[in-house]
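We call the chains A, B, C and D, going by the order they appear; numbering starts again at 1 in every chain.
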């Protein structure tokens, strides 16, 4: 099922080395100004060819095929297509019969019996381009309803943690940093670590954290489709995600209730909480405090070091993957995490246009 | 939306102090022997009145209203109802106009405008009874297809961690422990901590971990409905869940790829991985290794210590919640986490009976 | 899949001779006054034991298990259960290994391999009781939003047609007629025909037509979930339905456009159409004119005349079905058609409470 | 919601005068040979520029953007795009502020507030191109599982009825007829009528009937998603559809049960029915007999005769629509009805590839 969302729905398509990748966004309200520059910027922020990312260079120019008329959305589905350009498929011929360690090669082959092995096919990181395009449309629609702001950033790279607070930063400041960490001292340490990892052909894990400001009270369902559960689903659906935490996350598993409860206070007749350990959600529903969550990512599996690969015949061979690969997922994942955040918010906040 | 699952679907209903709670299980294949004892045992394992849990005592006897004929499922929906008995609604009158800290009171009231305040109403832990009943049906159906085993356990209570390996234990061994930790030394420490927390009217957080054995290769979707994403959604939908980790989880965010990749090995012509850092999933699809994940739970919000409550009028009052409350969620959460595991597995493994 | 609707959802359960039938209504907005008398009346109007229907007498008293607090809906799922009482299962023993002509016996057995043969099991007309209960809740919720009125009636019984116009009648007038035809001359002819059919142990087909007044403009989706398509789906899901027509229906397949187009006229600045051949829908969306559609029902398959039955062994035997059976479906179908109409309207008109 | 189907899903996009129309087909099993010629033929059979249809000439060449590798489907979503070429948008400028009689103009404008008025925008018949493309993929996948055959034909045009039996014909024979009626005498009368209607600037209604051969027993759900209900939904979602009949349809509303029941007979140990009044479905599930149903279509609303149009200001003006328009929908609808048939069958017959 290549559709995400129930009300604001993104359906994606495309393989790494096929003709194109793209999405159909369905459920976008009519009358939203279609901000092509916002879409282009989002795709640019996700692009490879930047520090810490692989060096393929593709313009990733979006074509809007439907759903926009005279600069505004019409309520009809919005199809966006981006051509694949830089397709050196033969780079991947060596992987035709090999299953890389900790990759999707083996499970795809066992599940489907066929596999587009070129660049990972559908399991390629290029699939996230379609998510980012749809996320940009979600952002256009959500921000029309209010001043919602999403600030994502790399808050951990291997041993380097960001000890500060995202609430001091804006998304623009984050994206101005090549490593998606706006605090310069931490960013410098992350860049240093990344170069060291890259130089030895290895890779490294990390964490992307998100702060959402100005979210109204009442977003999310009380029982199953809780806002935290929907975010967890969206984030864990990103390639390489290994964990999800809401608010203070696993830290609170060591705490007492007297230490962890967010006490109420009254600000001008409006209830607020003194602390925000819960990350802006109570009983699955947004409580008016900033939303805070984090997504852990594993180190990329593709490394330039010899490893044991599986074969279709059930044997193993030692092989070193060639080609250029990102030493970390988290940097590029920032814009994908942001996109999924907008998509979940759009799905739950926007009016249902079928009504 | 009070339905969980797309193929094997559970729809739940009922409030803490209404007439009954229950579920309708839809999509269960015909011809499954309906094991009423398994259902009763599951409900018993979830029951209050045990060490570490509140002292309400309800028999929780399930009535099966449909879908079973001559001891077997028929493919028709299976409705199960459990009456609510021990209803001292007046215990909760003091909460009618109060919003407890870190509870769902405020958000429910803001979202719906009305609220069944008695015992938390729909947000009560009693709702999990319906999940456990449906999970038991899921278990009956899944285990008919193969020797799948789910072993859940409390692996952290506050400062006490279980450093061992669940693969040495069975579910029966876990449930034989009142604190759901089969290793006696760790269990003793957990019980000691729990009593200490209880005695001072406080509460404590913890972690439930799950091991799934004998899962076939190929469960899960490659893009959005990845097995890990579905599990994250199911687990984060449980009251009090604050985080989800797959395999080694957040630990791998500090690791290098060379350390974290699961190398292939061949066992009698079958590919296996030497390590299982990824927790049994590659590219969102089960890879034949044991599934491993963990769910973090916060300390219960209801404590016997004075706290700042909100009021409907937007003010705050200091109040101490009375009545008996669990000092920890994790112990009772074990059977709920197990139920959600069976439900996700049933949803993705069982044949679609509409076909 | 025993759930109908995507926003206002009804999940039904129960077999003819099991313990109970019932439904869970999910998605009902909070704050709707729960009109228990309306629910009872709806179930009463569907009841057997009336002219033209079988003579089983069951009180069909609904128990509301959840979702209602202090006389109002809370936004939580509303479970309703009705016990089965009059269960002479042994009446059906003769059908254990027989497939009746034009019944679901054969296809259920082939699809599921097991079958609750008592009284048709899940394929029994008793399943419609759950639809009627849920439809009553839908009616409570929809009529709170405006003066929508649904007028269903039997407009054909075999050779007897109603040539008049439903717009002269109310639902109460229809239900005051035992044969669900408020015009007395036509009703008399229908009753006469019905008695004649019954006396020779045969059965007869018919048509139920519906008029919906005061529907706002804009209900329905433009492409797939058109209001007419949703109504067709709902109506064709009723046992025994053989056809669905919108507006003038199949009559217009013989017409020219110049004869069939509904010309615009202006009434006090509001556009209306001079005629309403299309039945109140343009491009799948309600246009403000009364909604009009009809549902054709076959003659009941159970007749007291010898017929060729199939056996599990693939042979045939001549057999006459005993017991009392309705000579027509349409009379009892009126309240089921009405219920499905309310359910479709509720699904598309009510606010989505997950938002 | 621009998605049709739950297992085999088609998501469509595109407006009449936008850059392109297309679809994403999700849920197609892997390993299906992708028959590009079948796809081209299907689009060709739907094309305008043939007797009885408008004279726009567009090559409608499909581009397959994803999901096919080395000539076979991979299980990934299949995106198909067809460019719009012949775009004389200014032809439609006169309709910018006018609501045509019995068109979607008014309801779209009222529902969305904005409208792409060029050629009907999303409500244009061009949207059916995407359905036909997806239907061709459905056909490729379904026919791989068995010898299922779909034979659609025009069985009524205004006053001209086809009194014969579709079971004597094949789909190729139907499409060899410009008017989609393989019996030459009836076809001649239909063509004569059509020319007469066209010459006076009027339009005419009609019926498309479908016969499905070699369908296995067991397709369809017993309660809501009955095969007949799903077909009714799919067919009534086509522009201009006014009615749906299963088997003998509304004729049986006049019949007695003794006349209408399909008696069982045994053929070589297999049960068959002597007659097939029910059209191949019992209790919502296919019974192994040929599936038979009919769809009624209204006369096209666009005629060259002066009519009363509505305006955005709530007034009316007399106007004659210019440009070339089909005098009948049914001829072109044949391939759309066929496509929807394949899509419903694919949705219910094919294995769920998420499992």
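The rule we apply is simple: a contact is a pair of C-beta atoms (placed from the backbone, for glycine too) under 8 Å apart; a residue touches a chain by one contact, two chains touch by 3 or more.
For clarity, every value in this text was computed on a predicted model and none was experimentally measured.
S.K.: Using the touch definition from the top, how many steps at minimum link chain A to chain C?
M.R.: So the least number of steps between the two chains is 1.
S.K.: Please name the chain that ends up farthest from chain A once chain centres are defined by their CA atoms averaged.
M.R.: C
S.K.: With centres defined as the mean C-alpha position, give me the chain A-chain B separation in Å.
M.R.: Taking the mean C-alpha position of each chain, the two centres sit 27 Å apart.
S.K.: Using CA atom averages as chain centres, what separation in Å is found between chain A and chain D?
M.R.: The separation of the two C-alpha centroids amounts to 39 Å.
S.K.: Using CA atom averages as chain centres, what separation in Å is found between chain B and chain D?
M.R.: Using C-alpha averages as centres, the distance is 47 Å.
S.K.: Going through chain B residue by residue, note those that touch at least 2 other chains and give them in order.
M.R.: If we look for residues of chain B contacting two or more partner chains, we find 1-3, 12, 111, 122, 221, 225, 354.
S.K.: In their complex, what parts of chain D are in touch with chain C?
M.R.: My answer: residues 1-4, 12, 99, 101-108, 110-111, 122-123, 127, 156, 158-159, 197, 202-207, 217-218, 221-226, 228-237, 239, 241-250, 252-266, 269-271, 273-274, 277-278, 282-287, 296-303, 305, 307-310, 314-316.
S.K.: Looking at the complex, which residues from chain A come into contact with chain D?
M.R.: 1-3, 9, 11-15, 18-22, 24, 26-27, 30-31, 63-67, 69, 72, 74-79, 81, 111-116, 121-122, 353-354
S.K.: Residue numbers of chain D touching chain B in their complex, please.
M.R.: Interface residues on chain D, with respect to chain B: 7, 221, 225, 348-352, 354-355.
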